[in-house]
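The chains carry the letters A, B, C, D, E and F, assigned in the order they are written, with residues numbered from 1 in each.
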Amino acid sequence: MTAITEKKQFVRDLTPGTRVDDLFVLAERVLSHKKDGNPYLNVVLSDRSGQLKGVAWDHVEQMAAAATGGDIVRVSGNVSEYRGAPQLVVRTMVAVDPDQVDTADFIPATDLDIDKLFERLRSLTRSIQTPWIKALFEDFWGDPVFVTRFKRAPAAKMMHHAYIGGLLVHCLSMAVLADKLAGHYSGVDRDLLIAGAILHDVGKVREFDFTTAIDYSDEGRLLSHIVIGLEMVEKRLQTLADVPRDQANLLKHLIVSHHGAPEFGAIEPPKTIEAVLLHYIDEIDSKINAIREFMAKDATAETWTAYHRVLGRHFYRGRSTAVPDNANTADPETGRTD
Amino acid sequence: MTAITEKKQFVRDLTPGTRVDDLFVLAERVLSHKKDGNPYLNVVLSDRSGQLKGVAWDHVEQMAAAATGGDIVRVSGNVSEYRGAPQLVVRTMVAVDPDQVDTADFIPATDLDIDKLFERLRSLTRSIQTPWIKALFEDFWGDPVFVTRFKRAPAAKMMHHAYIGGLLVHCLSMAVLADKLAGHYSGVDRDLLIAGAILHDVGKVREFDFTTAIDYSDEGRLLSHIVIGLEMVEKRLQTLADVPRDQANLLKHLIVSHHGAPEFGAIEPPKTIEAVLLHYIDEIDSKINAIREFMAKDATAETWTAYHRVLGRHFYRGRSTAVPDNANTADPETGRTD
Amino acid sequence: MTAITEKKQFVRDLTPGTRVDDLFVLAERVLSHKKDGNPYLNVVLSDRSGQLKGVAWDHVEQMAAAATGGDIVRVSGNVSEYRGAPQLVVRTMVAVDPDQVDTADFIPATDLDIDKLFERLRSLTRSIQTPWIKALFEDFWGDPVFVTRFKRAPAAKMMHHAYIGGLLVHCLSMAVLADKLAGHYSGVDRDLLIAGAILHDVGKVREFDFTTAIDYSDEGRLLSHIVIGLEMVEKRLQTLADVPRDQANLLKHLIVSHHGAPEFGAIEPPKTIEAVLLHYIDEIDSKINAIREFMAKDATAETWTAYHRVLGRHFYRGRSTAVPDNANTADPETGRTD
Amino acid sequence: MTAITEKKQFVRDLTPGTRVDDLFVLAERVLSHKKDGNPYLNVVLSDRSGQLKGVAWDHVEQMAAAATGGDIVRVSGNVSEYRGAPQLVVRTMVAVDPDQVDTADFIPATDLDIDKLFERLRSLTRSIQTPWIKALFEDFWGDPVFVTRFKRAPAAKMMHHAYIGGLLVHCLSMAVLADKLAGHYSGVDRDLLIAGAILHDVGKVREFDFTTAIDYSDEGRLLSHIVIGLEMVEKRLQTLADVPRDQANLLKHLIVSHHGAPEFGAIEPPKTIEAVLLHYIDEIDSKINAIREFMAKDATAETWTAYHRVLGRHFYRGRSTAVPDNANTADPETGRTD
Amino acid sequence: MTAITEKKQFVRDLTPGTRVDDLFVLAERVLSHKKDGNPYLNVVLSDRSGQLKGVAWDHVEQMAAAATGGDIVRVSGNVSEYRGAPQLVVRTMVAVDPDQVDTADFIPATDLDIDKLFERLRSLTRSIQTPWIKALFEDFWGDPVFVTRFKRAPAAKMMHHAYIGGLLVHCLSMAVLADKLAGHYSGVDRDLLIAGAILHDVGKVREFDFTTAIDYSDEGRLLSHIVIGLEMVEKRLQTLADVPRDQANLLKHLIVSHHGAPEFGAIEPPKTIEAVLLHYIDEIDSKINAIREFMAKDATAETWTAYHRVLGRHFYRGRSTAVPDNANTADPETGRTD
Amino acid sequence: MTAITEKKQFVRDLTPGTRVDDLFVLAERVLSHKKDGNPYLNVVLSDRSGQLKGVAWDHVEQMAAAATGGDIVRVSGNVSEYRGAPQLVVRTMVAVDPDQVDTADFIPATDLDIDKLFERLRSLTRSIQTPWIKALFEDFWGDPVFVTRFKRAPAAKMMHHAYIGGLLVHCLSMAVLADKLAGHYSGVDRDLLIAGAILHDVGKVREFDFTTAIDYSDEGRLLSHIVIGLEMVEKRLQTLADVPRDQANLLKHLIVSHHGAPEFGAIEPPKTIEAVLLHYIDEIDSKINAIREFMAKDATAETWTAYHRVLGRHFYRGRSTAVPDNANTADPETGRTD
């Protein structure tokens, strides 16, 4: 995608005194009134590097009318300081055509070749023998609207794989792991396990909005990716012939149970060997990536990372280990970044 | 339903020495072999009063072939004692036509008039103004297969409303409560709340098998009534015209969240006023009925009930309160048993 | 109450550069000394809109002597900025007669007519048939010191009904709900349930100080409103004739158990039907009000509220729902704000 | 106390075939009817060694009328076996005058000299300097009805000190510990801490019924010993002159908080140094006694005790340590059994 | 090992009336006295199929002297019934030389070839490149006393791999998994991860006694296999030259943290990528084996297993899946049983 | 220790505009580059009063080379303000010889006489009778490297005794308490309990680095003081003759279990009377000191402290109690500060 306007100023670099004239996402917009009755506009602007608050005192109503939350806007103004943080005093703000910009400036994206990753995933599904599972993937892959969205979706808002393409990177890595583990224990249904690895999070293509920023959709917040994913799979299954219902329930059970325990969002705990395995494969790939991304983000070259609030500990980088430059570039099939 | 054969012997009354010749559910059946190679058959027999173990030493393979788990069987034999508990030594066992028996002998059922309860519920749904919700109930009520099953389904296997008709009794009581509470706070969508009260547990018509005994179905154990219920509602919504998707998501959110918190099985916590209210209405009706049924079951005329293991306490009956004879007979619309 | 001096400047509106001369609560006051031995005074000033830090460098000891924590003070000075936040440099500060001010400027209060609400509650207690409960309320309502305090008490410091009159609004709403639910299930002692609805939080009249700001009293922090409320009820019961002790214990049990479970502060879990119902009525009224107040406070006109830290989620306002202007104005008897 | 009839047969020793004619507590009594309309009586009999079920087939109604739950009864009959456990077939049962029996046959009691223990506790309270605390104990000790009950009360139904005199043994041991710890840290109010040690569980004199068996009273189950104890202390404080209310609240806070955390029944967590210390003193004395009593009860001479279900572990007795014969005989002042 | 006496009678098959004359483990032995002063002996006898209580009335003191807990004894007597369970009335009991018996009769053991499994593990450690890790394994494998014990140790008392050889089976399977996962993510120290897989549970060789039955040793109960394992590794490391201490700490951290979280026994949570991976590899291999062993043990040919108390659910076997005959026979390197 | 250069400027007193020229700990140091390629240096400086961020724009690489994290550095520059907080613009920075400075300026230390405290502890260990325990302490006290470190070690980074000498103060106080409690209950092994009191936290001498600031060592974070302490004790035990292994395991069990429960870091829960007592002694001394230090730190002379986030409550100081000036000065043997 070629952007007409190239973005040069990023939120992270803006300090008091900077003169701004560039593109941002209008993340939030609130119109208020001063006691003298004059209106003013509070905004939050964002790009892939962070968020910045702003305020406009003049031409407020025109600006408010010219752009709405989620738009890409061209903004001019000056950075001042308010309550100890930089604040942009907005002079002009107009919405621009989102097709004219490079959305990668606004949402982080994987550096890997998405088409190549997808092709690997697709080729893995070609090795599936079970007819109805094979047919289900053909149905998914044959729907270009779905495929486009699936290739761009993030796997999370914050913790891990929180970037364009993240869902694909996560699913491919899990499918490769599933293939390895299916062979380690006898009696494991490999086709089912691989299908679960690829589809367990498929509802995330609708759980998230990721046009100009990654955030939950209304549907995502009300129903969760588990329920949405079940609906997506069930809908396609109903159009296929000869789907054995008890087998289909085993696939749906993988989606239902992949969080492992109710307190972590599993509607039912894993009740089949494949469901137990899938849960751990998901845990491994999420946690390892969350930790590696955290190690990479944290700029100091210290032996230990900062304290990870969610995981509740510092992580050890080692005395001599060089910090990887970009944790998103690992080859998900081989698992190697080099 | 008129049963051809009237059942007279109930499990609870069988003591060592009793000669048995009556109908039971064949709840379990395991064929084993002694060291000398001869087969024997272990069975579990049940009826509405409880369960009894049994063993057959003769004609074992014929018997094993003649009936399978879940069948209604006519059994003859003698009650002996094994390891301190009564055990039936089975002499003959044959499956009988389930249509010839009164299933009420095998599964407990409400004493209330199910058709009358259903008519009340139906009339409540006629008061709904929102067109798509009205249409959804017309679709449900117009499906005789669904209605037959909905009128018989239990609301649980053990804790509360664990009897034929229990789901209907529970939903009607909740719908009446929903109607009362919707008027207490401004801004509550009454139609949505009543729809949630009736449909939040609708998946239980498939979560449970309740032909000859109440137990979980495979689908129930793998997917839960929440997922099944969402699927049932979504399937009908797709056949209706003019369903506003964001409104439909609010109804589905009521099903998703009615258990209140993830650790109790809610996929998402309640995020709308209606979802918060529905959760409490469900809590009230389940807990009050669980306690009342426990008070009624517990035969001693003591001030305090026995210890309730799940709820973790004794309940106070009061020094002079007569124990109600049957906790299932309350009028669910008025809430009064007298 | 007519205030002699009308307050015009509120903490929320004070920005660096503003010249201040108005009334505030002196919430905190600490006298320290610089290395050169000169004293300075750190203060925290508050009103119904928030809190502001201040510092005084001159005439410090006179000021410190002239007012103490909790006083209403007239303060003059200028707002500057310190460590990124506004700070008032205090020039003069004197205590004023609290009877001369409108305390509503300093603590938020309900907009509803407190006397009317109280009259409704009182009329509800007139419908009670049980003699000793009737007598207990006559004793409470006949004590003007208690009634004055009961009508002003808040129901909480922060979460819900955290305003003058909040306890009354909460109790009246609960009593009306109790009346509705008592009729829904047979065998419920309506008089006991209504008494519990009104008295379960009565200890809050002493748990909180609410003269110039809402905060916990020493007694409140050491003993809790549950223990204080039990003491208040027991003390009056001892002056009444013919109180059946076992019945009185059931009323006291409602106070003891209304938080539902020990981890939420219930000394015993609810062990009677009435106690179980009262717990849920309290839950419903607290949670619904906490959410509605949170929805109202949160100024953006977004579909979703900000993240509610205690309840652990965003709440859905809906795409088109206008935010109510004041969540405290609901008619607690009918539950409607319109 | 000299018992007219000496009890010789204890529940623990009764095996099938034994002929019984002795005194027991009638712990439970349920009158039922057979299908033929004839009544029968199920009973539970107890003494200090355990419980035994029984059944009567003849003269049932006379027997049922002749004794009620909690009575001491003289029972004759034969022990048979039912469902793998001994069962007494009761021939005759009559209530006897409880003053004629030695209740020590029916409830376990300390072997220590209760009067001597009480005298030690009383002498400890004589060392208290704070006038109002001194006066409070004079008031308690001057009430013979209270003292009689206090000297007999158990400290628990099962876990520790579950015998006549247990509360006194526990309080004396804690008071001695409190005295030691008060001197270890500066700034601790010794009088307050000792008062807390003696009075923190004082509500147990009413929380338990312990005439013929140790069980919870209605009041105990509905209100808990914490609430009852607060009421007992407050009532006496109101009759005393010159009680500083803020000091009294600190004593009441010791009762309120002694369980340490809400999930263990503390209404408020300990908020003073004395409350924190008292909580740990209580923990130490309860746990050490629970473990020692468990070690003593468990008859095998193994290195490890059986698994303690509540504490969740086996305890180590040591390879050579002789098991103490009676864990209740420790001298609570010196803490030594030898 | 060739046993001189072949055991034919197993506890599981003993029913009332059987005449017994065979070898058992004397698991427990308690000498008591009847009121008339005569001694009697209570015993617990065990073999690989279960446990049986027994009692001896004659020649009691000789028998008590002739054998002690843990001995293999030859016992003769008759099975009767006591309180609803079989009980052996012991006539004679003498200890036999444990070297003369096949311990496999008394403790369950893997059917796999232990020497072959060990050889595979050893060859895996030959592929390690890091000198000090290589040296550490040479030191372990060069110690015949250790190797003998390591090859026999169980991995648990009950949940999974609770049989002779279980630790080896578990470690080999984990080492193979570690090898696979080490290649999936870049930057993982394969040698360290494999060393952790083999040594994380090494303390179990002393945590358990497994001569005649699997039970915890004193040291095991007091210190846990984690502490014992750390001590074993540290002791050997101190005898090796050129061990980099920071690297050694990373290996010890794998032992310290492999339970994942403090509440599951991890002293520290996993703080390196290798520690996170090792924890999940352990989880997978333990859980999958626990479930497979549970599926195999549970004799009914039902779709669902019985309820697994620790894991809190029924597991799905599938409608047509044949139950594997022996869950212990999986080839741990390939993971396949066929 | 006499410092050549006396430190006069402390972080807590530095405000924008101050000219700085003094010694600090270089806690952190990160070299970055601006877009124009020029380097700049971010530093964090600390002393016993707190931490300050700083930045250097000139001579950056020389400075970066001249000092590394943990060094004591002489810094000159000016305090400005950045994002609402003071920031030092560093002009010069050089490392100084740590032996030339008084480390007490950089880490808080007890005001008590460390040598005197240690002498008391040593004399307590002389009263020990058990030969091997006596020998163990002689071994510890005879090692001057250990003793020097033991006398300086802190007991924590933040919560309590977080100062030089804190471990000694804590252990002495606990040993005195252990002596008192050992006499209160019969059958307690006094020597073992005192040994546990002194050695339970001995691993903290390696868990923390405390040369120029208190922080966790790599070994501390990877292994915890429990594992390190066990290793330290075991290593010395192996050099002693005639150590009874089962007794040694009981001492090691005290270290293993002193945190009380796995979720608080105990590898095994306390399984001996001594272990249970030691856990409570540790709880008492840690909590009482944490609260007293918190009460002392909190500068306002209010009745209640600020909210203690970890302990989850406000603490009551009392209306008239003077705040102790220094909570670290209590005499740990008598427990009195006066």
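Just so we're on the same page, a residue touches a chain if its C-beta (ideal position, glycine included) is under 8 Å from a C-beta of that chain, and two chains touch if they have at least 3 such contacts.
Just so you know, these numbers come straight off a predicted model, no measurement behind them.
Asks: Spell out the chains that contact chain B while also contacting chain D.
Replies: A chain counts here if it touches both chain B and chain D, which gives C, E.
Asks: Looking only at C-beta pairs in contact, point me to the busier pair out of D-F and B-E.
Replies: Of D-F and B-E, more C-beta pairs in contact link D-F.
Asks: Using mean C-alpha positions as chain centres, tell me how far chain D is from chain E in Å, no decimals.
Replies: 43
Asks: Could you state the distance in Å from the CA-based centre of chain C to that of chain E?
Replies: Using C-alpha averages as centres, the distance is 61 Å.
Asks: Take the average of all CA coordinates in chain A, do the same for chain B, and state the distance between these two points in whole angstrom.
Replies: 42
Asks: Multi-chain contacts in chain F: which residues touch at least two other chains?
Replies: 83-85, 218, 221-222, 246, 250, 253, 268, 271, 314, 316, 319
Asks: So, with touch as defined above, which chain pairs make the list?
Replies: Final set of chain pairs in contact is A-B, A-C, A-E, A-F, B-C, B-D, B-E, C-D, C-F, D-E, D-F, E-F.
Asks: Along chain C, where are the residues that touch chain B in the complex?
Replies: Residues of chain C touching chain B: 173, 176-177, 180-181, 183-187, 246, 250, 253, 268-269, 271-273, 276-277, 280, 283-284, 287-288, 291-292, 311-316, 318-319, 321, 324, 330, 334-338.
Asks: With touch defined as at the start, can you tell me which chain E residues reach chain F in the complex?
Replies: So the residues of chain E touching chain F come out as 218-219, 221-224, 226-227, 230-231, 234, 246, 249-250, 252-253, 256, 262-265, 267-268, 271.
Asks: Under the touch definition given earlier, write down the residues of chain E that touch chain D in their complex.
Replies: These residues of chain E touch chain D: 28, 30, 32, 35, 69, 83-85, 218, 221-222.
Asks: Could you list, by residue number, the parts of chain D that touch chain E in their complex?
Replies: 13, 83-85, 299-304, 314, 316, 319
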